[in-house]
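Across the two complexes that follow, subunit A remains constant while its partner is subunit B and subsequently subunit C.
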Partner chain A sequence: MRQVKSMKDTIWKRHSLAVSTEYTQANFTWVLSLVLTVIFLWNSISFKTGDVHPVVFGLFCVWAVTTVFQVCITRKMKKDLLQTGVIQPGTRHLGYVQLVGLLAGNIFAGAFAFNLVNAKKSVEYTFAVYTLLTQLAVLAISSVNLFKPYVSDTFLPSMGTLLLIGLFYLVVLILIVLHVHEYEAPRWMTWVALLLLATAVSGNLFALLLGWSLLMKTRSSDHSRMLKWNVTWEKITRNSTAMLGMFFILLMLAISITSRFTFDYALAVENNYSAILQPPSAAYPFGTDNFGRDVFSRIVFGARISLLVGLAATIVPGVIGGFLGAIAGYYSNHVDNWIMRLLDILYSIPGILLAIAIIAAFGANTVNLIIALSVGAIPTYARTMRANVLMVSNYDFVDSAKALGESDFAILFKQVVPNSLAPMIVKSTLTIGGAVIATSSLSYLGLGVEPHIPEWGNILKVGSSYLETNSYLAIFPGLAIILLVLSFNFLGDGLRDALDPKLD
Partner chain B sequence: MSHKAASFFGHSFRKASGRTAYQVLLLLAGLPLHLFTYFSYIRNGRDRQYTSMLNSVQSGLADRGQKEKWLEEYKDQLERKQKFFRENVSPADIHREAEKLADEKLSAESKRISEMRLEQTGQKKETYFSYFQSLLQKPAFLVVSFIPGFFMYVLLFLMSNPFILYIAERLVQSVGVIIGVAVLVFTILYISPFDPATNILGESATQEQISNFNRLHGLDLSYWQQLWNALKGIATFDLGSSFAGNEDVAASISNKFPVTLTIALFSVIMAIVIAIPVGILSATRPNSFLDYSFMFIALIGLSIPNFWQGLIFILGFSIHLNWLPATYSPGHALSLIMPVVVLGTALTASIARMMRSSLLEIINEDYIITARAKGLSYAQTLWRHAIGNAMIPVVTVIGLLFGGMLGGAAVTEKVFNIRGIGSYIVDKQFIPDIPAIMGGVVYIAITISLVNLLIDILYALLDPRIRSKIDHS
Partner chain C sequence: MGKKLLSLTLLLVLVLAGCVQTKSEVESEGKGTDTKGGPEEKVKIEVLGMGSGEEDLNIVRDQLIKNGFDVKLNIQPDYGTFKAQQEAGNYDLALSSWTTVTGNPDYAVRALFKSDGANSLVDDEKVDELIDQASTETAEDYTNTYKQLEQRLVAEKAYIAPLYNSFKAQGVNKKVLNPDTVRLAKSRAIAWETIDFNDAAKRTADPLVTQQAIGDLTSLDPIKGNDGSINTLNTNMYVRLVNLTDDDKVVPDGSLSYNYAMAEGNSDYYFLLRNDINFAAVSDGKAVDTGERVGAEDVVFSLNRAKDKDSVPDHRTYSLHEHIKNAEIVTDLSELEKATVSGGDETVQAALENGLDTKLSALVDDKTKADNSQGSYQVVKVTTTEPFPQVLNYLAHQSAGIVSEKQVKSINTYDVATFDVDKDIPYGDQRTVTEGAGYNNQLYASGPYILVKKNDYQADFVKNPAYRAGSEFEPKISAVTVRFIEDSDSALSALRNGEIHLFNGVPETKYDLVEKDDNLLLQKSDSNAVTYLQFNTAGRTVSDSENLRKAILFSINQDEFLNYYHGNKKKAYSTLSPLVDTGNELIADQNQVNEFLEAYRKE
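Coming up: the complex of A and B.
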């Protein structure tokens, strides 16, 4: 009898190890930290001369320490889970030490530590943590300008504002830990929420999410709506890769808005013949190109274009394709056949080729690029929407709307379409990455954004001609593209897991 | 024998005449025969009986005041509905609406009654098609009409086989899509605000030179004439000469196409060889460290832009290590490696992800549990029941992605300096060289359509589910 009980106990503990999302995140964090540590080590030593690069080597040492500490925490968590089935408070307190890793820029360890120290996490807590992290990252990236020979006039006031906002976020985080519970928040939090919504203007969309979520909890008594919101976001926030992706995308967004005030556009576009093809240094973190332009500033300003074109080339075909697909799926066979056969024509031309043909006809500039990429993407969205509308229009609530005498058009756009949006959101998140790649590819071919605008593909095009001598010119913009696309793919995968009803 | 044939054709005819497009085709194929039989159909005039029956029934119904009764009923219904929804509708509107509904009911009802009566007396309402079908059932008619209606019989024979019908439908669809592609691309290039003549001859060209150039390349013709010439050119592999350099477009395309196709083909092979085992390994150990690492690498593979990967490969393997040549040269096998890997990376990643999710879905199906319950080992269920079925959506995806790969080849070709069709189109787009761009894009679209057509037909032959769906349609 006792044996059976202890066996059950062991199984339960093993199970708690397997389902613990914190333990999964701990593993994920140390693996990623280790990979980056190795990359730092690799780059700190020059193999030809045997010299050691002091800054990079220092980075490697700090990262190595955080990685080792992370491994220790992970092992302790495993022990806790196997022995007692829960993570002990002592282990959780180690998270406060790991928070120091943020100083070295180890964002993975920082996010993990915030996650670890709080045992009962509300959705708001996660949002507040990422709001703060985003603000810190924006500040860190902007403060690179301090090493420049000169900064823009708006640099100091805007940095001050950003710092104040960052402090405010820290206060909000503490308030949330103290006062906010799963389904309720004190009434006075409304003002905090409104302030958060106001600060979201600086591009930190996590603040927008947090403000909205708080506002809902303080004002609304609709329990089912809150439950739905909580369940959806809990699924996403549990997924550390999805959150990492979302963090990077929103960071890029915040940077592209704040860079207007904290970065000097002249450094990115104006020629400076006294600083041609400089290797990476404190003043020029990613070096300078053949016209003496600062590659770091160029990449920061390039994020704007990539996000803009990527989003536009997703929203435009999403709306057009979604509309056509909805009509094809809801109305008669004839309409369906006509629309889908016509879209088949578009579908059979590879997107890049169609874009090249359209740009050949109308010239290379940003607007034409968006149009060219949009046209080719319409059929994909139309197919997704059509399949969902076909499914949703068989549901009972559509029948009851019909029985109440609603017109077909109203049923389609008030009942059917809102209920078939989830797969469209997933699909578009996954295809934004493709649009970003297509944008930079076309720019690389000279068919995309105008060559004088700092865009990642354009920067790479310049870099490709200095591959032998100044390879960093081609490496850094490429890394930026990969990170952004990877983030969209991570987020898309996470959204699919959270929104796809098939998995429930 | 002839009885069998007659009932065979009759059956096939009945099935085919359900769809308007097939009716038209059958009428066209057997036109001389149909002229003759239609004449006899009119002469026979058994249909007139139906019309008179219909009239008598209708007047009978009207005499009995049936229509007024329906009218009252509908009025009552409409008024209740209006009360329920609290709508404001004038009585005149209601009356009109009710009148309409009553009229519809009257005609529908009289049709139903007269058809029922005809059936009771052993006659059917006769259309031309049912008349023709009854003729087809007679062996004598078959023998007499075999020569004039030969084409129609061939068509009927083909239509009787659901596979041939399916393949024919897919073929017609592909041809339609290809024509659509050609029209679309031509129209896009036609409405371009650029003028190739001034681009090639320079700003200083005289009006006469420009009009000469336009006449030479047929640019002075109307839109429809140019479109017709372009379509004809694509069908006959004669696209004329390119605007710049005056080279034969079809010949240059046929020179460059094999290069692109070879690289693409090797990439697909590489992708399949790597991705399928990776997908199977991941799916059989879900959420393990191996699975996470494979899927992480696959996601990175999906996120790398082709041209950047190409540049990094050149930097690493050509400049630093000096293992592989940086540019492609025909006949040099080593120079093929980097382009193939670069072009195939995204495909490999997609297939591996697809294979994993598809296999995971199938492993959790009931029939796999049944197979396990019956005593098959894990490996047996996996290899005999799961993997084959999991491959079905994967092959479709390979077909679809192959198209994207041919399109994306332009970037890879530019990086490695390969003279393929993709870089040809990119080089020609600055002018814009209409025949060259159009030929390149349309022939790529044709290749993609053919590949997808082939895959669909293979499915029709191999997948029992699709087979039964075709049989029952």
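Coming up: the complex of A and C.
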């Protein structure tokens, strides 16, 4: 009997190890950390001369320490879980030490540490952590400009403002730990929430999510709505890759908005013949290109176009295709046939060829780029929407709405469409990466925006002809494209897991 | 705690503010008081160019924007679309380039700037006058005339804004080819016949693989094309009366003549022809000796059709030869005895006989009867419309290549006036040598090589078996393959991985890659290629306003171009710069830009 109990106990403990999201995240963190540590080591030593690059080597050392420490924490967590089934408070306190890793820019360790130190996490806590992390990252990236010969006129006031907002986020984080619970928050938090919403103008959409979430909890008593909100977001926040993706996307968004004030556009577009093809340095973190333009500034400003075109080229066909698909799915066979067969014709033309044809006919600029990429994507969205509408319109609540005498149009757009949106959202996030790549591809082919305008495809194009001599010119924009597309895909996966009812 | 943090932050910001310079501080330090004036509306300039000139366009754009213009770039993917945009007039400035392949200054300006020139957009009496005047002068005298012409074109009227003069750079695979046998000439296209492998055993086994950018060949009839698609090919397929050396001297080496002479008066030119070259044709994919000699009749036929605008449809080179009045066979030996050479006492005959083993004893008008070893020769006399010493450079150009009178007449049976491009197939049409159903190779080559066939990727040449066989000018390598690789970076890769042996046109920014490669040798020399901005001369604001054109002209800073190209370019003032040292220089001047812009605004 005793034996059976201990066996059950062991199984339960093993199970707790397997289901612990914190343990999964710990493993995820040390692996990523290790990979970057190795990359730093690789780059700190020049293989030709044997010289050691002091700054990169220093970075390597700090990252190596945080990685080793992370491995220690992970092993301790495993031990805790196997022995007692829960992570001990002592282990959790190690997280405070690991927070120091943030100073070296180890955002993975930082995010993990924040997650570890708090045993009972509300959704707001996670939001607040990421809000703060995003703000810190924005500050860190912008402050690189201090090494430049000069900064833009608006640099100091905006950095001051960003710093103050960052402090405010820190205060909010502390307040949330102290006062916010799973389904309730004190009434006075409304003001904090409103302030958070206001700061989201800087592009830090985590603040928007946090503010909205807090507002719901302070104002609403609708328990089921909050439950749904909490469950959905808990599913997403449990998913480390999805959160990382979302973090990177929102960071890019925040950077592309704040760069308007903290970066000097002239450094990204004006030629500087005295600084041609400089290797990465403090003043030019990613080096300079063949015209002496700062690649770092170019990539930062390029995020704006990539995101704008990527988002617009997803939203536009999403709305048009969604509308057509909804009509086709809801109304008679006749309408359905007409719309869908016409869209099938459009579908039969390869998207990128259609885009090239449109650009060639109407000229290359941002608006035409969006149109060109949108047109080809309409049919796929229409198909997704139509399938959902066909399914949802058979539900009972649609029948009851019909029985109540609602008009077809009202039923379609008030009842059916809102309940068919989840797959559309998932599809959009998954295809937005494709749109980003298409934008860059067209620019790479010389069909996108003008060549001097900082756009990731343009930057990569310049880099591609210097692959051998100045490889950093291609590596950094390439990485930026990869990371953004990967982030959208990770987030899309996370959203699908969270929104798909079948996976419950 | 919050208060402490806040005050700490404020302190930090203050400290930072102390040691960081803002943009406006830096700018006002550098320039003193900025007098850019009020917020006047910027002048919008549309710059047209090709994708291959993207770097130059970017530099021009940057310079114009820094001088207060608003710039719109119109970048076209290839020459065809560029030309279409140019003809439609959709530009203010067009990025253009010109290479003087004949190596004489007249060619550098005649077609480009004379009001009746084939590529001219300029209509200016004084320019016409100066070009004509310089063409009759010898090298000592024309420098000053060309200097005036340049000043008229650039400083006075601003018809063009010069950018730079390029170098020529050629990468050679020295592991495969003997680099001493590979020539790099300033003007003329590369001669294939001298090129040899390191390993002589490979001459018949392997082809020489070289590259050119354009695969769509204008025409293999020498007079019907003058562009990058055929210049090298036709140069190697047709022999000429004279050739240019690597530094642009006119010589008979490697040509159809033993010697040439310019008679007193600078209007009569005599050429003593050799009898050891036969036309080659292609039969079953191989070159065969047709047994038909390249003789004076063919020379006369070729030159007369070269100067005659109506000899073929789409005649693209008659303006180069418009100074030829007549070409004829000389049969009277006493004419050569009487005439003396220009600037000397020597008779033309003596000049022509110079270095020959067997002296002239008879002149024949039938090429089959010429037998040089017995003293019977053929002599051709070219007369110019006016004294024009530079005609020799034009005779060295590929468009003066000698074609077979018999073969060309037998193919060009159509009526020129009613020529139908869909029905009539003229001599040298690329359709006849393109693989496929339309293949019907009727070329007769007088030069060292003949084209067998081509497709979209390459053209295959084989050596002419009857081209000076046994002499040092006999082609060394039996077959030549020309790969069509448009992108210079791809061509460079092809050179480095051994796919091609020779790459003419290594980009300036990639010299170090070739130099560092153990298998490769970089040959560099001056070239006659000049890149400039052509102003639109009809229907645009820049066409009407000289002030606006000058404002743009003085915005151009050639030093920045030199910097961008790591010093691998030279300054230029016009297309004449590489040929004539006129001493003119364009100096960027922002004050002048502002003055001219102000003047323009008052117009």
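In the analysis below, the second predicted complex is superposed on the first by the 504 of 504 C-alpha atoms of A that agree within 3 Å, B and C clash if a C-alpha of one lies under 4 Å from a C-alpha of the other, contacts with A are read in each partner's own complex, and residues count from 1 in each chain.
What we mean here is this: a residue touches a chain if its C-beta (ideal position, glycine included) is under 8 Å from a C-beta of that chain, and two chains touch if they have at least 3 such contacts.
What you see is a predicted model, and the numbers here were worked out from it, not measured in a lab.
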So, A:308: does it touch subunit B (first), subunit C (second), both, or neither? neither
Counting residues of subunit A touched by each partner, does subunit B or subunit C come out ahead? B
So, does A:160 touch the first partner subunit B, the second partner subunit C, both, or neither? second
Just subunit B (first), just subunit C (second), both, or neither: which does A:348 touch? first
Is A:104 touching anything from subunit B or subunit C once the two structures are fitted on A? First, second, both or neither. neither
Quick one: is A:468 in contact with subunit B, with subunit C, with both, or with neither? Answer first, second, both or neither. both
Thinking of the overlay built on chain A, is A:276 touched by subunit B (first), by subunit C (second), by both, or by neither? second
Going by the contact rule set out at the top, does A:34 touch subunit B (first), subunit C (second), both, or neither? neither
Applying the document's definition of touch, where does A:486 land relative to subunit B and subunit C: first, second, both, or neither? first
Contacts of A:146 with subunit B and subunit C, given as first, second, both or neither: second
Mind sorting out which residues of subunit A both subunit B and subunit C touch, each in its own complex? 468
Which of the residues in subunit A end up touching subunit C in this complex? 146, 149-153, 155-156, 159-160, 163-164, 167, 171, 264, 266, 270-271, 273-274, 276, 290-291, 446, 450-452, 465, 468-469
Touching subunit A in the complex, subunit B uses residues 85, 173, 176-178, 180-181, 184-185, 188-189, 191-194, 299-300, 302-308, 311-312, 314-315, 319, 403-404, 406-408, 410-411, 414-415, 425-426, 428-430, 432, 437, 441, 444-445, 448-449, 452
For the complex, which residues does subunit A have touching subunit B? 341-342, 344-346, 348-354, 356-363, 405, 433, 437, 440-441, 444-445, 447, 460, 463-464, 467-468, 471, 474-475, 478, 481-482, 485-486, 489-490, 493
Of all residues in subunit C, those that touch subunit A in their complex: 2, 5-6, 9-10, 12-13, 16-17, 20-26, 51, 54-55, 57-59, 61-62, 65-66, 73, 75, 77, 489, 509, 512-513, 560, 563-564, 566
